[in-house]
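Beneath this line is the structure, given in structure tokens, with notes to follow.
Chain nomenclature is as follows: A, B, C and D, assigned in order of appearance, with residue numbering initiated at 1 for each chain independently.
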Amino acid sequence: MRNRQLSRAPLLQAAFEPRIVAFFCNWCTYLAADLAGTSRMKYAPNVRVIRLMCSGRVDPQFVLDAFAQGADGVLIGGCHPGDCHYQEGNYKTLRRYHLLKCVLRQMGIEEERFRLEWISAAEGDRVRSVINDMVEKVRALGPLQLDAETEDIREEVAVC
Amino acid sequence: MPETRTPTNGSNAGGARVGVYVCHCGTNIAGTVDVRAVSEYAAELPGVVVSRDYKYMCSDPGQALIQQDVREHSLNRIVVASCSPLLHEPTFRRTIDRAGLNPFLLQMVNIREHVSWVHLDKQAATAKANDLVRAAVRRVSLHKPLQKRRVPINTNVLVVGGGIAGIHAALTLAEAGKRVYLVEREPTIGGHMAMFDKTFPTLDCAACILTPKMTAVGSHPGITLWTYSEVVKVAGYVGNYRVKVKRKPRYIHEDLCLGCQECVTACVYKEGKTPDEFNLGLSKRKPVYLPFPQAVPQKVVIDPETCIEFKSKKCKKTCVEACGDRQAIDFTQKETLEDIEVGTIILATGFKTFDPVRNPYYGYGRYPNVYTSLEVERLINAAGPTAGELVLRDGKRPKAVGIIHCVGSRDANTNRWCSKVCCMYSLKLAHLVKERTGAEVYNFYIDMRTPGKGYEEFYDRLLDEGVHFVRGRVAEVTDWAAHPSEKGRLVIRAEDTLAAFVRRIPVDMVVLSVGMEPQPDAQAVRRMFNISCSSEGWFLERHPKLAPVSTFTEGVFISGACQGPKDIPDTVAQAGAAAAEAMALIDAQFVELEPYTAFISEDACSGCRSCIPLCPYQAISFAEEKKKATINEVLCKGCGTCVAGCPSGSIQQNFFEDEEIFEEIEGVLAYA
Amino acid sequence: MELKRTVKFEADRDPEFARWISHTVGGERIRHCLQCGLCSASCPLSLYMDYTPRRLMHLSREGFKEEVLSSSSIWLCTACYACMVECPKKINITHLMYALKERAIEERFYPKRFPIPVMAQQFCRMVRGSGRITESWLIVRVFLRTAIWRLLSMSGLGWKLFLAGRMPAKKEKIQRQDEIVALLDSVAETRKELAL
Amino acid sequence: MKYAYYPGCSLRGTGRAYEESLLAVFRSLAIEVQELDDWNCCGATTYLSVDELTSYALAARNLALAERERMDIIAPCAACYLVLNKTQRYIRDYPDIKTVVSRALGAIGLEYHDRVRVRHPLDVFLNDIGLEAIAAKVVRPLKGLKVAPYYGCQIVRPYATFDDQRNPTSMDQLLAACGATVAPYPLKTRCCGGSQKGTLPEIGLHLIRYLIAEAQMNGADVIATVCPLCQFNLECFQKEAGSIRHPLSIPVLYFTQLMALALGASAATIGLQRSLVPVEPVLEAKEIAYA
């Protein structure tokens, strides 16, 4: 029983509501989010969606900037592999995603805070489950804490 | 009454004068988001001159409100917080355009689909709406005036699929003077409708109403009909598609064949040996055959799988002899590829019927007298394998027939959706079976769905005719007799839910009313044409109500059952709609493309060329003399992948410039 | 002819029961029921039931608790899972039957000397006492409490089985019986604590 | 690989022949098993109807015991097989059940982490050993013996773990590998009435009558079963289920008895003598040695 109580987050953290910035592509994931809306699915209100034409437009700096500006998580949503409206933009995203993950790891940003999901226009339900899942996981991690050292790394990355 | 709130904070970043309009959308938004609070919050944001909330922003008075404010308050940036930009961005762009503002000085905030409809907590929803509006206000200040690009449109149309949808669309367009390429995979057009006997609820014969249209397609000078052909590649963009079509060899020169079928009679096979595809295997055909008497084009086909000449090269070739001087037969014919250029595309690829082998309890494939509804259509068709006699496989007439509805529909184990047409066609078959054989007919249904003009009246007629209706989903069809009266017959077991007990009903023939499914290659087709599918596999329309035949790819339209189960009247209506949409594009003579293209600031470009392989459209080239990359605006489709990949930040994308997106990121995250 | 007046008042419904059935384990999809009757038609026992499984599903979700819990149908279910596998809405009908049985036993909704609940109770008692079931003893215990005459009618079969070595008189018992008791007590405790 | 053998209560009572023959097959096929240490009753279908939560805890004790030994469980009894499988799934799907079960196991010093697989002998024979290996060890092919394979309910329903739910064939294949002829048996997954024969006898008899009559009609010499309760029902009540006009008489064996026979075991070691409907006359008629 003691363990149970210990594993519970302290009160202060329980009130923490993560803020997540999402970059959704115009053709698949943004549409899926619209579909979730027209289907009146309910999900956590912690995500702020920014619409781009393609997930390939997501500049790594957008992600770093979002974390620097206080986002607790960043979600990228694109079309499934092979389904990109622009043929292969999502493959480029995938490549950048893996690189960026390494950088974030070095900065001490937990893996669960940065996520890439393929969500097609028909998968409204997936938008709901992905967002709920991510909010839960980030909530469990607590607010993002960037120390001075990682601030420097951010700047370095931004320069190159 | 709308209200104006004068901002207390008069600061005006970069000279932007922003108007913010928060829509109630009736209670759709206002029910969950405190729209008044959002509008009050926006009024305090830097640069905001006017902030209002209004019942329906997209209505005429709502739009007039914006236009009036633009003039009265000299607004130069507009933010509308309402529904998804995919729905009303064009509306509000036109609104401000008419008020004299460049349409791209607008930013929409989606507080309906992304906020009010998906959240329950009013406070959290309002806070989210505030964040999104704040980001939009910050972003919109950086917007630049942009011009849509105009490109000329090719007036040719490609129609894929030669069922009733494709036929109707092709004829409509050709009548309007457009050149139409109609591509059909099978050797003849006609699709499923050509297989039916009668059509509900009027009971006019399918062939009588379809074949004149088929002939018209075959002879129309404006239609290039390619049967036995498939689209293999699609490139380009709206107004300018380049399409590659594979034409399979039918080993007959279409231009030389007269359709006399003397070769068929002369074939060394005296009797057909191969299951006839058109009759669903209920009869046999020869290696050289005409799919059915009214086939269009009236050209025979040789099946290389069964023709002796292809197998052994030792056939006497009596067919060639019979063809004589016409010399239409050519065993050396090869597959060819045709390249065409079209401006618009209509997909009418149809459906597939559910394979009842997937539901083993109904005994299809195990008991010979269990048929699918489509097979029964062929059996009662006067041109079918039994010349319209409804007889069992042993030649006997059935005394009792059970029609099982919803086979492969409304079932989580197979397909969840209602196939929409089965109730009506089951009623039609019940009527025809009763008329032809006098048999007792039992319909096993879950819910009788007869919405449509004259449909409920048809149901009444069947009730009058004494057809039995048992409300219950059938559990099994078995030849296992539990009562002497059941010996040697097929027994249908179902709960009669209205009587509340289980019944066993012996019949001689079982008809499975199979549902509709997406074509097995629907996924491959949608990839080729760059459109989406619903999770069930039906082609996805741009909007379920307001754009039912458009897709998210401009210039590609869908019609008929490839979009979802529907009957003939609905299919024809949709085909007409798709043709009209295509014509609307063509007759405008040019298409307007979003200006979201990428551009290079040459001063910053280091000439590293890393952007060049990123572009899937080869729109970026390297100008050797300047050692800089250049973007061909006509080829650029505006994905922005090169922008994100440019190491020196010298590529930007219109409407999605780095600064605009940074502003939006910082906007959503900035605490008030 | 005896006339019976049947009308159901809204007050006859037990909304709490309806809520319970759709929230109990396996009841998640009961509201999706189409009333197609496939469950009844695939059930090997529905021919004997006063309410077919389909009607039972509807009566439950509408909250007609009396009718449901006093129905013979819930006792007839042999848990063959035919209904559940075939259900077009994937309703966990078999499991709901278990839930209804459990509820009926809890609220004592069954005729006196009705063998099924008696057997269930004897079964549980034997598990608590020995950790394993000895079939011979279970049968004897059940018939002693329900229908002694049946015990006599079945003695012939019993004797044959005994001779074949299939009716051992020796009781099966596990070694660490205390574990079973602790296990059962822990479940009872948690159930109380979490109000399950 | 070594398996934890979980016999279940019935195999120590009416189903003794199942255990004897199963162990004989294990020996012939060199399958190493170890009886699960101090196993307890899984609760069967009966406990579920009285107290669902407790029944999961009971079943989970066996799962946890096997997990401690790092072995997969072989559960030959259909009811045990289903209950153990169901328990695993419900613990996975319902957090409340998981809480109750882990606390109960904690109270007796056990843990369960969903690392154990529950297997049926059909599954093990077919997928771990393989038909070829079995056929190679057959010394007494059951030539000419026509067998109706009866799977009953709980092996294939509600979870299709290793076989087709609507038309299972694993037993058909094993019997064919042993040289037997498999009779068509469309009722192979129909319910035998379970414990209803005990509690509501007339209903149970009705179902048993159908099953036996169908097997006889299809020319079967014996019925093969995978479940002690099915075997008990079909064998012990067939006389009662028949009538003077339509007498019913057919031996009902465990599929393992037929397999063991083919693999060379002698009748006495696999419980053939425990049958109430003697099987010896059938075997003699087919000239299959069984001594």
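To be clear about the criterion, a contact is a pair of C-beta atoms (placed from the backbone, for glycine too) under 8 Å apart; a residue touches a chain by one contact, two chains touch by 3 or more.
These figures come from a predicted structure and were not determined experimentally.
Once CA atoms are averaged chain by chain and compared with the all-protein CA average, the nearest chain turns out to be B. Of all chain pairs, the one linked by the most C-beta contacts is C-D. If you average the Cα atoms of subunit B and of subunit C, the two centres end up 50 Å apart.
Averaged C-alpha coordinates put the centre of subunit A at 50 Å from the centre of subunit D. Look at where the CA atoms of subunit C average out and do the same for subunit D: the two points lie 23 Å apart. Pairs of chains meeting the touch criterion: A-B, B-C, B-D, C-D.
Across the interface of their complex, subunit B is touched by residues 17, 19, 21, 26-28, 30-31, 33-34, 36-38, 40-43, 45, 48-54, 56-62, 65-66, 69-71, 82-83, 85-89, 92, 96, 120-123, 128, 160 of subunit A.
Per the touch definition, subunit C reaches subunit B in the complex via residues 34-38, 40-42, 46-47, 51-52, 54-55, 86-90.
Per the touch definition, subunit D reaches subunit B in the complex via residues 166-167, 186-187, 210, 214.
Touching subunit D in their complex are the following residues of subunit C: 25, 44-45, 48, 75-76, 78-82, 84-85, 94, 97-99, 101-102, 105, 115-117, 119-121, 123-124, 127, 131-136, 139, 142, 150, 157, 160-161, 164-168, 172, 174-176, 179-180, 182-188, 190-191, 194, 196.
By the touch criterion stated above, subunit B contacts subunit C in their complex at residues 361, 410-413, 446-447, 471-476, 493-497, 500-502.
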